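Quick heads-up: structures coming right below.
Heads up, the next two complexes both have subunit A, just with different partners, subunit B and then subunit C.
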Partner chain A sequence: MRVVILALLLALPCLAGSRARYGGTLKVAATARATETDPLLADTPIEATLVSLLNRPLCRAEKNGAITPLLVTELSRTTPTTVKAPLRSGLARPNGPGLAPAELAAHLTKLSGGSSPYRALLSPLKVATANELTLAFPFPDFERALCHPALAPQGVGPYRFAAQTFTANVFFPEGRPFTDALTVTSTDARTAERLLQQRKVHLALGLGTAADESALLFATFLAFNPVKVGPDFRAAFEAAIERSDLVRFFVLLPAAAMGQLLPPPLSAGMTEPAKLPRPSPLATPRELTLAYDAALPDHRAVAERLQVKLHASGYRIALKPLTRAALRAKPDAELALQSLMIPPVPALAVALALELGGRHDQLAAQLAPLGLISDDKARAHAAQVLAEKLWPELPLIPLYAQALGIQAAKDVQNLKTDAQGLPLLDAVFLGQD
Partner chain B sequence: MRLRTTLAVAFLGLSLLQVLAVVPIALRNLSALLQRQQESRIDQEMAAVDATVQRLGADVQRAMDELATSPALEDAARDAAKLPPPPALTSAAATLMVPRGLSVLSLFDADGRTLSSGHLPARLGDLDEALFKATKGNHTLVPVQVELRDETGLHTRPALVTSRALDYGDTRVWAVGGSLLDERVAQQLSRLTGARVEVWGGNEKLGTAGTAAEPTTLRTVSWAPVAEVRLYFSRADLIATRTEVLRAFLALAALGLLLSVGVGFVLARRVTLPVEALTDAARRIAAGELDVRVEERATGELKALVQTFNKMTVDLKATTDKLVASERIAAWQEVARRVAHEIKNPLTPIRMSLETLVAASEKDNPRFKALFKESAVAVLEEVDRLKRIVDEFSQFARLPRPALAQVDLAELCRQVLALYAPHALGEGAAQLTYASHLDDGALVSADRDQLTQVLVNLIKNAEEAMTATGKGGAVTVTVRTQPATATIEVRDEGPGIPPDLRARLFEPYVTTKPAGTGLGLAIAARILQEHDGKLEVADEAGPGACFVLTLPRNARG
Partner chain C sequence: MTLILFLLFSAGPADASPSVDRLARAVVDQATRIPLEAPVAIQVDAPTPALGRAVASLISAELSRRRLSPVVLDANAVTAERLAREKDLRSLLRVSVTAENARLAARGDVLPTWVNFWAGAAPTRSGPAAAIAASVDADVQAMTLAATVAAGSPSAPLKLGLGVLAKLPGVPAAIAVGDLDGDKRPEIAVLMDDELLVLSSEGKPIARYDLRSLAVALRPTREPFGAVSILTGRLTYVSGRRAHGETLTLQGGSLKPVAVSDDVTLDAITVRLVPGLNAFAAEASWFGKPLSLPALLTTTSTRAGLSLFLFANGSGSITRGTPPAAAFTSAPSAAVLADLDGDQSPELVTTSSRFFVDGDDVRVVPVAAAEAIAARSGSLADATPVFSGATPRGRVLAIAAADLDGDGTEEVVLGAWLADGTGELLLARRVAP
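Showing the complex of A and B:
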């Protein structure tokens, strides 16, 4: 008994150190400037992290596969095609009225009929009404789709933004953030690292040292117009471009080459695509235009690399920087770099690939058979098989997948990430060293 | 052409000849001079271009030397062994390039793989053999084709590059850097020379700067085989200068020509004035004005000529006065001889008649009465003859001024011919007839009586000439009109006029008739002269004589 008491006494300081503590300001350095505020467009790792402070989806996909309801009290099925999603009450927003069930239904309806590639995630949705969503066909991964940060209705999040500071939303249904406030400093990687070392910030986002491969879900594709680029383009690309070089020299880390339609965390066990024969250089140079996201240095560097490397194959590529909205609205570009936040579910990833590849009309037909598979692993495998089948058909060339690199100071406690690899900063509290 | 005009034209021609001879030569020499000056200027500017190019290379060498010893390159060499390459390495070339004024810089590992590239970051990780091999171990400047990209695509551009190596432990890093031969070079050289500068890489024009008005002179700076800089120096200034000088020259030449013409005219005037005065004086002298003197305003030979002329006129007047006096004396002598001769002829019968009467009276000749009557008739005849002689002389001396009136010559001739009728010269002798061919409308201003007197005189002469031959014949009077004149011809078929008498026929006292005074034709000629007309003898090939009166039509009307 004495021993037990002594052990408890010795453990008291440790308990005190790990106990959640409210208050304080979490100082964050970000290596990229967050310019987009619309969840549908703020889909780079840093942007998604910061936008999720203000806008949360209906639920959160946990890394262990579980789903945590956030804006809804529950997500349950009454039938295979009926999802019950009653909205929490009192979802106040800093400006305007609180989020109402009808507004949420309208939001989901609008998204499913919109032009964003993320509408593919809602392709099974047939009717959205208050508290209930009706599907066109059974689709077990639909609840995971609802957890995608891009589908979040605007205005309900753990923080509110004012005067360049994120302040805690004490009415957030999951509970108020531990820190009272959160500040973000946009800077370059070297400065962010130095700030972190000097303890001027608690967190540095975008530093490529985190090696959580399961978070490599931010995929970049080269979408092409098959008519404009010619029949041998894919083979010429594969012959000219080393994806590992792209990852090593031209994109922010952590990143990995992406040889499949699905990002690395979802493509385990997939068969490598067959090597295409190297085509001979074009006799007559082909003039093409490659559109890319002007806000992303990665895009520019990769676009330049493609321009240089494909030149020897006879492709004269002009570069055209566009805003993200303009880029997304240009599905028929000759060449375009498109980055998407891929959900950690193979069937949903295939849906996004189909959408990005211009096969929106085939979504239901392709996804419905997957929805009939109730076993998660079997469904994931079927999705991988479908992805392998679609690889040569879709006018998409997967390039690389990135994750959010995070470095934290020692006093940052309870730093967790969701299934998307995004940090849950509202759960972070500042402890003592 | 007048002498003055001739001289002025001669002066103008001489001046023009000088201009035409001098201007082309002067222009050719001027062009050659300007050309040499411009060539010299271009040579100087090309020397400056060469110096600039040398300086460009020296700047590259200096920057690369400095880079080779910089800690930054040592850091890059240290990072070269790291995998994955840190961002500090991949961006090192861009960071090191700009402050050193380089437009090309790549860092290579020992195999020629690009560790970092400032001018083409997209080449990271690639072998860049074209750049690496061309410069590896070469500390001198090498002209090479460098790959560059822009928004439109990948291009090759000429550059002057050199390489430096840095060892860090076992790692060797090559830095290859230099300067692009692009539009900046063109701008720099254009600012230096003022020429239009073009940078060419092969057949592609890579940059141009400045302007040069056509025509131009081309000079080149070559970095064979990758690049060539073409400098176009405008020759427009040269052309403009030559044109300006030509204009000035032509203006001066034109001024000189004008001056030459002016001076020539003045000089010609000075020369020709005395000549013209002499000409005028000669003309006046020819008109009988012997008191003419020419002013001695000339110089030199002309002055001597004028003096000689004046002396000549003086002498001529003196001689003429003497001649006139002599002629007058001779005329008086001739008149006296004629008068004496004419008077002497009647005096002899008068004297003889009177002596016959005196002798018959002294001898109481019974035929005295008859003799008296015969002698008185003879004396009276001779007295009449004397009176007629005196009247003719008096008429010749005091011919009245013509009283002009409109006279129709045809009508006048008809009236005169009406007084004459054909008749025989004797019984059984030849006939004397009259014919006429009269054009109507021959109106003249004349004294009708004086013209009648002339016509009667001519017809009478014709009758007498044909009567003298005894062969008879026809007297033909013809009136003709010409646009300005009207003529009356009086033709006979007599013996004609001896050739030796034709020249003097209208002089007083020249006659072929034994009893003529020789004043009839002289008076007729003088009447015609008073009417601004003339009386002539036509040259007739056949027998007979033909007198032609010519009068101006409406001469005083």
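Showing the complex of A and C:
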């Protein structure tokens, strides 16, 4: 009899109960293929979500503005230009030795001196040592910059990847994920929706449903070479292109038109840029090349739209698909579509705009005055004013900003997003509430 | 014309004064938003005479401080107006006080008593009036004032009053109650992520023990989880976030470690953490003898030969000196056996089995009913409670019971996790039905 009762007890549904439950495999459908594995390049919302399962940055920016240390035990200031960032011990990696403080310092130093546009986030960094980061000037948003997914060192994340499956990393310093494993199916939106309806996946990433507007942070710009495109290009673009049309017909949702250098969640209260006078069509057609990210379907669609719409203004545009790495390495093209994941902090967004606009040398001069403003709201406002000032100066035309649409089955519990709008899949557990 | 103002007041958590004082101030703040003519009559209804007198005295003191010459009337709400006129008191403040679900609330009105001589036989009112609606967290003092049932009346219907015992800087992972300093009065120990806190039975902090400097667990739990016990003047804790637990003693107001400990005895059951999981191992010991449980354990308590087990798979069991066999489903997030009515036989105090709650259930279920449900493997949620209430906010994940005031019945200490990452201790004690 005892055996029977015990067997019944063990057979009780493991999904009941009121505490977060461990176990199970979280099945995810993604509407885009994750082609990049380097956090610096894997910055589309879907790729950043998946890559951050294996590589976590030093900290997490929470939606309420707080910072949660992840790989470091704390992020604190001993002076306005000294950030204490002691690395946690035991940061094991699946291959090779654990992450060491010297390696982290070298990683940050390499990033800040590298060629990625995300180096702008580290522009205040002067020296990185084992447990301390020294800044060239006070910059209160520096800790938030360190939380950007693109700056994550490789190898320490809540999951490990093998045999096409993400398995829980029991040594992750924030605690192992609730699910034992996570699998990802890359497919199109229609199939993802069907898989979700058929309960073959728990979660679909990239389905264009109503998203949190504060997450519209994956911003796409048209960068141009002002000498080669001519003086009237910006005015011709503004006259020919309706951003809202791009968003409605050519861009994966959720998305919003972006008329400012800062994405919509950061541009509230900013004044609209002045209307430029419509230039007359070019007398002699100008031959231009537009480079875009070959891995992004909406890049191609938008590039083709720009090609058509600018033709009437006298611009003959040839399209040039590139790998993301090639696109980021300043392609030899007069025009380039560039998409970046913008941190939800105006001063950092301005830094990335300056970098993308080819003003790396001006970063310190422009950011240092912002860093002297200790009040967060006042600093954000000053950054907005700076963005308004830079709008006509930078060879950069903001186009649209996107967020990650997420649909989840009912048994997906505790689905939360960070300040960047990315889901924290390691915090998800399976069960009925 | 009578002007009715309806104002709602809620005391901020920063105000640490007793809740009756805060309520009295809130009532007077609202009453004095209209011009009050002195002297002011005060009439208070309350569930107990003691609470009514206390509120009246404190309102009187506050009005006196504002030079409004208060007079407390011994009358009910209907006769108070006539009595105030007879005594030539120019204004009347009538308040009905309740203490429910950890909130102390006052509702009533304030009105002028002056009667126009030309009104004739009908005592028509004139001048402005205002409605009063104020509430604050009920603390232990307020609960004591609101309680009337003494030990020794176990047959009376059971009703629990809830009050806020203490605010916590972090979420409570575990709670224990016992005499730590040998003064024959129980102390309350609360395990949090970063510290261990010892409070008096009135909720006043006695000692803190910082856990941050201790080695972190190689496989930490995702949420704060652990156990704490107080036995023969020693406090033992284990935390899923730390490499090892410790045994501590309270010496001169501070906690001193005396031994490293990786297991802890909860009433009669000695448990050990499972690394990385919010659970204790299924291999435990019972009065020193090995005990193999059917599943990972989340909590246990023992009273009068009865033992309660809650398992990580969402089931639970109540046994009488034998290993757990029959189990109920829909186990609550927290539960404890407690003799609430002094009949030497415990009741089962439970919270809800839901994960996403903000204001958790507090239910008292007869042990026999829980045993009957377990016998048929039913859901504990189907049990008919003898008392059902709710906490004002948060989700209760830690619970303990003990006779805190020496009245022969046990009180229950509930540890609530609040949405902002802090916590609070609530005290549930028997009050007048």
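Rule of thumb we're sticking to: the second predicted complex is superposed on the first by the 412 of 433 C-alpha atoms of A that agree within 3 Å, B and C clash if a C-alpha of one lies under 4 Å from a C-alpha of the other, contacts with A are read in each partner's own complex, and residues count from 1 in each chain.
Following the convention adopted for this analysis, contacts are C-beta pairs under 8 Å (C-beta built on N, C-alpha and C of every residue); 3 or more make two chains touch, one makes a residue touch a chain.
Because the structure is predicted, anything quoted here is derived from the model rather than measured.
When the two complexes are overlaid on their common chain A, residue A:Y22 makes contact with subunit C while staying clear of subunit B. When the two complexes are overlaid on their common chain A, residue A:R248 makes contact with subunit B while staying clear of subunit C. When the two structures are aligned on the shared chain, A:G90 is found in touch with subunit C, with no touch to subunit B. In the superposition on chain A, contact of A:I317 is made with subunit B only, not with subunit C. More residues of subunit A are in touch with C than with the other of subunit B and subunit C.
Once chain A of one complex is fitted onto chain A of the other, the partner contacts of A:Q413 are limited to subunit C, with no touch recorded for subunit B. By the touch criterion defined above, A:S374 reaches neither subunit B nor subunit C. Of the two partner chains placed by the overlay, only subunit C lies in contact with A:G175; subunit B stays clear of it.
Contacts from subunit A toward subunit C in the complex involve residues 2, 5-6, 8-10, 12-22, 88-90, 170-171, 173-178, 413-414, 427, 431, 433.
Touching subunit A in their complex are the following residues of subunit B: 84-85, 87-88, 90, 120-126, 147, 149, 151-154.
By the touch criterion given at the top, residues 189-190, 242, 245, 248-250, 253, 301, 304-305, 307-309, 311, 316-320 of subunit A touch subunit B in their complex. Taken in their complex, subunit C has these residues touching subunit A: 216, 218-223, 275-279, 294-295, 298, 311-315, 317, 324-327, 329-333, 351-356, 377, 397.
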